[in-house]
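Chain nomenclature is as follows: A, B, C, D and E, assigned in order of appearance, with residue numbering initiated at 1 for each chain independently.
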Amino acid sequence: MSLLDRLAGRAPVPVFACIGPGMQAVTEHALLSPRLRRAASPREAAVLLRAGAIPERAAAAFGRVHDQLPHPRAVLRWDGQGDPADVITDAWVDLLNGADSDTDRRSDEPPNPWEGKGDHGQGGEGMMGGVPYGRPMAMTGDDIRDGLQLDAYTATVGPFAPMLPPGLTLEITLQGDVIISTSVTAPPFPQGDEASAPHLCAARLLRLLGLNAAAARVARGSSPRALWTRGAIPAGLGEAAKGEDVRARLSAWLAGQAGPYQAPRIGSMLPGLEWHEAMLVLNSYAPDALHRACAEEEEAA
Amino acid sequence: MTLTIVLLGASALIGIGLYGALSQQSFVMLMMGLELMLNGAILAIIGFWSLGLAGMPEGQLLAIIVMAVMAVEMALGFALIVAVYRKRQADMTEALGTLKE
Amino acid sequence: MTLVAVCVGAVGLALALSFALTGRDSRSTWPQAAPYLGGGEAQTHAWQRFHFRAYTMTLVFIAFEMEMMFMYPWAVVFVHEGLKAMAEMGMFLAILSIGILYGWREGVFRWQ
Amino acid sequence: MIWLLLTVPVTLAVGVWLAATFDRLAPALWGARAGGPVAALRDGALLLRRQTVRTEAPDDLNRRLAPVVYLALAAIGLSVVPVTHAAPIESPVGIVIWGSCEALTIIAVFLHGWSPNAPFPLIGAYRYAAIALPVMLPSMFVLIAAALPAESLSVTAIVESQREVWNVVRQPLGLALFLLVGLTLTQRGPFDFADGADIAGGTSAEDSGAGRALWQLARLAMLTAFSAMAAALFLGGPLGPGLPGPVWLWLKTAAIMALTVLLGHGIARTTPGRMLTLLWIVALPVSFLHLAVSGGLALW
Amino acid sequence: MVNVVVIALILFAVWTGWRVFRVDSMVRASFSLMLSFIAVGGVGVVLSMPYIGVATVFMMAVEMMAMAIFMVAFMMNPAGLNPMMMVHQHKFSVGAGVLAWLGLSTAVLSAELPSAPVTSEQRVVFDLGIELLGPSMLIFETAGVTLLATMVGAVILSSREGRYGHADHGSRPPGLAEGGDPAGRVPDEGGGHHHHHHGGH
């Protein structure tokens, strides 16, 4: 083994977790291990952790995330029993020793056929048309904040996006970084009560504020050590009732009280907010409250 | 000798800038042409100041003024583009011709 | 002269390091190259007429930032010129501050 | 002269390792677990062993140039800091060179987010531009205020002007404002608007393997350069009793670096819109005040 | 030696200046222009004008960042994914550009250029400061007022709220062709590659 491999073998292994139903709390605890590093995106990760049984409706999305990991990579299934750190570290060392990297799940084809088409063989037509390099370009759309009609970017985000509760898939239209409209494509996976425990909910919000160390402390059940935690959240953001905003909900969680039982409908909660604000508002509701809100919305529709 | 080189370079920059300012359809690209001409002007000022005018302080001031002109031109130009885009969602110089309402 | 040499040298060395680290280009497959959206899919390219939300701030900034050009030489002669320098720069900054205050009143220092 | 220039890569290399180690130690103070001195090398080795994914239809030229420019700017910025009685680049306008490096850093970070052609990096890039542009204003006020007592824009002269009393005593506000600039330049903590957790790592969300390693290296190099600059502007750089100049400079650099890392790990990041407002209506007036006070003191 | 460096920098400035109008990506165009400015700043540094040279780099880095932001925001196909040429009166412009260059070059070559190089003892930044506060005080303060007017003007022009309601009330995008569909809104609008409009308007 070369020196590089030996060093790499002792590094904390960056893991990206695809979390299934009922697995959120255990996975978040498992990722606190000093031998693992929680990867923000699959590009950073060496191992993809498949926590629990991923439902059929999320299988395609799992394949997409899986294929985005750089080589060498490994996928591990974990059912929530025991500490996965050993298995993950072993898998990474095996990769360094020449074990086969996991192959793609999806076929090697562009989103749209483009090669050889168009004026320059780049797949595009004219100025904005066609599918240059496999994708069309964004077109202008209405804006709900300042009325400047620039390009609207539409994409589905989730079900394994780290800033959304696992399972929640949103179709989002953005103008710049402001959300113009959202619709729920798939609700969050049902999680047990543990996932909505105040300290875990608070840890998620703290992580969004860039306080990873404090978040880890809070997730382990201690009080956070950080400056300007509540103050960093704009007053009145996500105000459901008078004085009932994101800041107040974080305070309640940090004091160990459960958050609100009900969350508003996601389709009306996020539009008009800048992305960071939107994610703070969304994560200021516990996963079960969001799950309930989505289920009710589905029933009504 | 150096001064000649510098001034030839400056005239090349002004030439390219003029081409850009005249040929570009979009207002923003047109501004790029203007900026490039001002770039040539700065180069010429630097050359004259350093090699022909024995470092007159007014030369440096002139360079600063050229840059201030550029900043003013950019700020107002972009503000105009925003205003026009609001009205017509257009960024072409031609589109300005149809703005008479 | 040294400055130009150091700039060229620094960029050259950094470029060499970059090629040494990521020189061999391993091809990425299409599913691997797809933009990351947590399992979601994008309809279009991410490159777009991006709606930058701080555009009015940027315009005010371009104009205001010009003051730096005048302030650096001012700093050099400040002690030499004494109160006169203080008064002149105070006036200059006061004029520009009116613009900032006006912008603030119009709400340009916000996400539009 | 050559000797002075050689200190730059050495300082950068040691500084990068030290900064990376501080990064792994600092969480301990804020309540998480710490890594040892080899931890940074291990993480780097892990990245080097992995593939650099090329995203869909990226801007390849700028993807390569962004970390290169960032790293080069750190080296150039560090070159204007005097190591002993002279700096590797002895320029009469040293702080203006540093200011240019700061401004070009915004472009390097923007290009880093622009080039992968992916949504989260793009949002990060624009967010960073919106915050880093107004941060340039306090930065310039701090640099200019430091130049007032020295009557010169040369960093060496600014160090020389601190022979009797360090600038941190005369201009404490300046150091605070300059730390804010440093956090922005190195994308840390409360000013890490490029790489937020809400956008899955922002401009770095599509970075993998050696490409990611190079970008992180450039960030740490910039932290080193910033710390050295802050040490020269506020802590008298190489001035000090007993020990040789370079040792003093390195010790002070390490101190500033530790402080920056600590603040970066322990202060929450607010939303970009709110930060924009705070920068213009709090940081800018404070900078005005700082300049006025420093000017008054310089004349007095 | 100085000549070689100056020639190299000027060639770089001209080349990057030319690239501005030849690249498809708006980001590349803006930063190409910035490189041109940086090279000119470099000439300033080499020709003992350190302050203006370096400050050019600083100012242009910031301004071109803003330029890139606005270019991307308001231009169709901002990343140049479809190669394009958005020009009108092309031949006339090329002619004018070449003519300007030739004319200016002839003037430079035929004129008797003054020769009084700056001496190394001159404290150029100090001189500039004295000039600003003394003889050119009025210019300096006028610049302040001009910048103030620019700030106010920019805010008024670019903000949405006008005295008589939203500035974009009743607006509709123009077509690429006269009376055509609004541009850039329908997914398959063809657009015009090589968009020539001879003779302007």
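By definition in this document, a residue touches a chain if its C-beta (ideal position, glycine included) is under 8 Å from a C-beta of that chain, and two chains touch if they have at least 3 such contacts.
Which protein is which chain? UniProt says B = NADH-quinone oxidoreductase subunit K; C = NADH-quinone oxidoreductase subunit; D = NADH dehydrogenase subunit H; E = NADH-quinone oxidoreductase subunit J.
Note that this is a predicted model, so its numbers are computed, not measured.
Shared contact partners of chain B and chain C, listed by label: A, E.
Common neighbours of chain D (NADH dehydrogenase subunit H) and chain E under the contact definition above: A, C. Counted by C-beta pairs in contact, the busier of A-B and A-E is A-E.
The chain with its C-alpha centre at the largest distance from the centre of chain C is A.
Most remote from chain E, judged by the distance between CA-atom centroids, is A. The chain occupying the central position, as judged from C-alpha centroids, is C. One finds 30 Å separating the Cα centroids of chain A and chain C. For the pair chain C and chain D (NADH dehydrogenase subunit H), the distance between C-alpha centroids works out to 14 Å. In chain E, the residues touching two or more other chains are 2, 51, 54-55, 58-59, 62-63, 66, 69-70, 73-76, 79, 81, 124-125, 128, 130, 132, 143, 147, 150-151, 154-155, 158, 160, 168, 173, 184, 195. Taken residue by residue, chain A touches two or more other chains at 41, 43, 68, 70-71, 132-137, 139-140, 146-150, 153, 155, 161-163, 176-177, 274, whereas all remaining positions touch fewer. Annotation for chain D (NADH dehydrogenase subunit H): residues 48, 51-53, 56-57, 91, 93, 96-97, 99, 114, 117, 119-120, 126, 129, 133, 136, 153, 200, 205-206, 209, 272-273 touch two or more other chains.
Two chains count as a pair here when they touch; such pairs are A-B, A-C, A-D, A-E, B-C, B-E, C-D, C-E, D-E.
Those residues of chain A lying in contact with chain D (NADH dehydrogenase subunit H) across their complex are 4-5, 7-8, 10-14, 34, 40-41, 43-44, 46, 68, 70-72, 96, 132-135, 153, 155, 161-163, 174, 176-177, 206-214, 216-217, 222, 224-229, 231-234, 237, 274-277, 279-280.
On the side of chain B, the complex with chain E involves touching residues 1-20, 22-26, 28-29, 31-33, 35-36, 39, 42-43, 46-55, 57-58, 60-61, 63-65, 67-68, 70-72, 74-76, 78-83, 85-91, 94-95, 97-98. Note for the complex: chain B touches chain A at residues 82, 85-86, 89.
Put simply, chain A touches chain C in their complex at residues 18, 41-43, 58, 61-65, 67-71, 104-111, 132-140, 143, 145-146, 148, 150-151, 153-164, 169-170, 175-178, 274. Contact residues on chain A toward chain E in their complex (touch as defined above): 118-120, 122, 124-130, 132-133, 136-137, 139-141, 146-150.
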